[in-house]
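Some structures to go through are shown next.
Two complexes are shown next, each including subunit A; its partner changes from subunit B in the first to subunit C in the second.
Right, the complex of A and B next:
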């Protein structure tokens, strides 16, 4: 009976985390790029816009996840037709992780030296060319590390989502482990979460290192 | 031809303003290797960046072949920049791209076909002698090799002008020489005008045709390199020449400490090889005491400087000086 509960929960977690990783990157990456290029001394300097965007991102990051999940219920309803359940949880997960991704991307993209950007400008590169042909490839190893961090964060969030009816390992641990006092199920769930985190970290480090030519 | 007209650059930050470049006007001829030398903080880096508007001049105009660069819109500026290559002190290569990809980058911006890019990159790799490093990453190269890649990348689009921002400052003397040789070859064979800023007199001596000396945001002296070595006008120029290895400090000679007349001779080219001093001693009734001397090998000619103490009657000394002048030697009485 353990297997029948654990395996689907594990798959649910992987499903939630991977889909929300993709969406949070789709939302967060452009924001990170905007933060970098519009900052003072950036290639598309817009200090006022930069301050407003930074402020919004900070506000979103300050909202505790458990509250954010409830705030976005209407959006979940609109997008997936439900407010609880595994698929519905992807909405708050993506929204919660997007500002985090934006800051992580900002940090990574900023690692490209001013000199390299300057030399690209001296060759007559446009802003999109600098973003996609210079900033992105130059900071790719660091971006991979950032995505690793995001995935691990999302695993944590997804476990929390279990508390309000999202599926996955977190839900299993809370529902059976905590409420029904099935300690073995709770331990197995937690162990699997730890394994998942360790595995992703290991893989992320490996990829980041292997693509870094610095 | 590059013409700078009344260029000024002022930086404003919260604490006040800094005038990095003050009202500089300058003409650089086509096919020339023009040096701008100055100590750090003199404003030379700001000045060279104004030429391709990596720094926007606060005031003034810059003409390149008659086109006012300062009036161009963003799009026109980008295409103008493709005619102005630039190399940097720290090379600024793309660390995640191979040597090949680095050189291909400006060609990709031009949207050339893969085949065209391949032909051009291979040509350039051959030109800078790095064919075997094609697939290496910058981190696997020496400083000199990195700068060669940067040079190849800078000239990939056949620019008319190459700017060098301390292009040899991070290199050892031997590598510096080989990069300077490469730059000279580029000027000679591709007829590219080169503007280089440096704080090393060795670089100026080795390669430049003309040089501007910058101090506190202004040009204090501008001269051909020959004339600069022959008779530098400013103390800044003198101290740069004295900074050269093997050059004897000339300034320390104070005529008050000698009873005879102190003269400084400078001679050019073939004259540097003639036994002029021994002729003076034989022909005139004076004694000669050599205080200091040096010969500088410029890329175009040799320049010798000699500081002498002449002891004897005023009449004989004046005759000797006249003789020297007739021998085409520049004489300065100190």
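Right, the complex of A and C next:
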């Protein structure tokens, strides 16, 4: 009975978190880049745009996840044809994590020294060239750490996926473990979540370190 | 601290109320703790009828669910009317209270709604049914399905049932446990959903008119009048229950609440 519940829940968590990690990076990375290049003193200075974008990101990050899940129902319907279930949960997860990714990326990209950027500019590099050939490679180790952080954050968010039928380990721990007082189920689910988090942190650190050495 | 404060407030309220009432010494008194809606309204409706029977009823309104049982157990009120049986049983177990139900009055019914089907016979094999994902309402939803012969639950699980306790499921219904409040807006994505009365009404669904199946007064979730154990046979309480279960109350409920509340007697 335990296995029948835990294994599907583990797979649901892995599915939700991995797909929404990809989408949140696809959405959040460009936003992070825009934040960096349009800020005051950036290579494509646009302070007004920068302030508006920053504002939108802050608003999205402020909405409690359980409410965000419901607000994005029309988008879920449009994209996956459903508003409930594991696949539908990927939509709010990605949208919730994207602004987080944007801020993390912003932090990482800013670590590139001004001198490197200026010398590239003086050599006539275009904005895309600076982003992809200078900023990105320079800050890659830090970006990897940021992605690690995002994945772990998403595991946390995914615990609330139960509200819209997303399932997963967090839901199992809350609904059957906590509410229905099946302590063994709760402990097993939480242990698995810990293992996931530990594993991802370990891998993230390894990758980040190996890039740094180059 | 909070508990002491609420008890003090209740005492002040009780003193104020009893200070104000006229001294009709020959009337028996019942101080009853109630929730504002519909419980207080129902008790006020029958106050005059009780007076004719020689009983003066005083309502003490509570807006929380913890104090009415404690106040009753400690003797500050004589009866209360705000809860259903599973809640009472849970409180008795957790707080060690010495209380007992004397009878049911009304129910705020849960019902099965569908945007696709008009009756449960139309539900196809393998239909997906949304149910609330919290233990209390989830169990309640499954009991409604069982009462209508759609599933059978494991013996003895009762109100604590989850979808894991379904032992017979001839239609192979699939259960989707969701946050109770969002069930109405997910109706297009399921074949049917079992929704609490308040959430259904807020979404323009009427349990009586729109429900494919609806909880009856037989349901354990009907609201009950509760007194201290040992006092349940006192005549004044029997009289109180009699007037609360009268035709007048039934008519009032049906006319006022339009299906959101139905009589359970």
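Everything below uses one rule, namely that the second predicted complex is superposed on the first by the 210 of 214 C-alpha atoms of A that agree within 3 Å, B and C clash if a C-alpha of one lies under 4 Å from a C-alpha of the other, contacts with A are read in each partner's own complex, and residues count from 1 in each chain.
Rule of thumb we're sticking to: contacts are C-beta pairs under 8 Å (C-beta built on N, C-alpha and C of every residue); 3 or more make two chains touch, one makes a residue touch a chain.
Computed from a predicted structure; not experimentally measured.
Asker: Following the overlay on subunit A, give me a clash-or-fit verdict for subunit B and subunit C.
Answerer: Aligned through their shared chain, the two binders fit side by side on subunit A.
Asker: When the two structures are overlaid on chain A, which partner does A:138 contact: first (subunit B), second (subunit C), both, or neither?
Answerer: first
Asker: Is A:165 touching the first partner subunit B, the second partner subunit C, both, or neither of them?
Answerer: second
Asker: Touch test for A:84: subunit B only (first), subunit C only (second), both, or neither?
Answerer: The second partner, subunit C, only.
Asker: Contacts for A:75 in the overlay, against subunit B (first) and subunit C (second): which applies, first, second, both or neither?
Answerer: Once the two structures are laid over each other on A, A:75 reaches no partner at all.
Asker: So, does A:113 touch the first partner subunit B, the second partner subunit C, both, or neither?
Answerer: first
Asker: Is A:129 touching the first partner subunit B, the second partner subunit C, both, or neither of them?
Answerer: Only subunit B is touched by A:129; subunit C is not.
Asker: Does subunit A have more residues touched by subunit B or by subunit C?
Answerer: After superposition, B is the partner touching more of subunit A.
Asker: In the overlaid three-chain picture, which partner chain does A:180 touch, first (subunit B) or second (subunit C), both, or neither?
Answerer: A:180 contacts subunit C only, not subunit B.
Asker: Pick one for A:63: touches subunit B only (first), subunit C only (second), both, or neither.
Answerer: In the superposition, A:63 contacts neither subunit B nor subunit C.
Asker: Using the touch definition from the top, say if A:121 reaches subunit B (first), subunit C (second), both or neither.
Answerer: After superposition on chain A, A:121 lies in contact with subunit B alone.
Asker: Angle at subunit A between subunit B and subunit C: what is it in degrees to the nearest 10, using CA centres?
Answerer: In the superposed arrangement it comes to 150 degrees.
Asker: How far apart, in Å, are the nearest Cα atoms of subunit B and subunit C after the overlay?
Answerer: It is 48 Å, taken between the nearest C-alpha atoms.
Asker: Identify the overlap between the subunit B-contacting and the subunit C-contacting residues of subunit A.
Answerer: Overlap of subunit B and subunit C footprints on subunit A: empty.
Asker: Quick one: which bits of subunit C touch subunit A in the complex? Just the residue numbers, please.
Answerer: 130, 133-135, 160, 162, 164, 176-179, 182, 185-186, 188-190
Asker: Applying the document's contact rule, which stretches of subunit B touch subunit A when the two form their complex?
Answerer: 52, 54, 78-82, 84-86, 88, 90, 92-97, 105-106, 108-109, 137-139, 150, 153-154, 157, 163
Asker: Could you pull out which subunit A residues touch subunit B in their complex?
Answerer: Against subunit B, the touching part of subunit A is residues 113, 115-116, 118-126, 129, 133-134, 137-138, 140-141, 211-214.
Asker: Which residues of subunit A touch subunit C once you look at their complex with the stated criterion?
Answerer: 1, 5, 66, 70, 73, 82-85, 162-165, 175-176, 179-180
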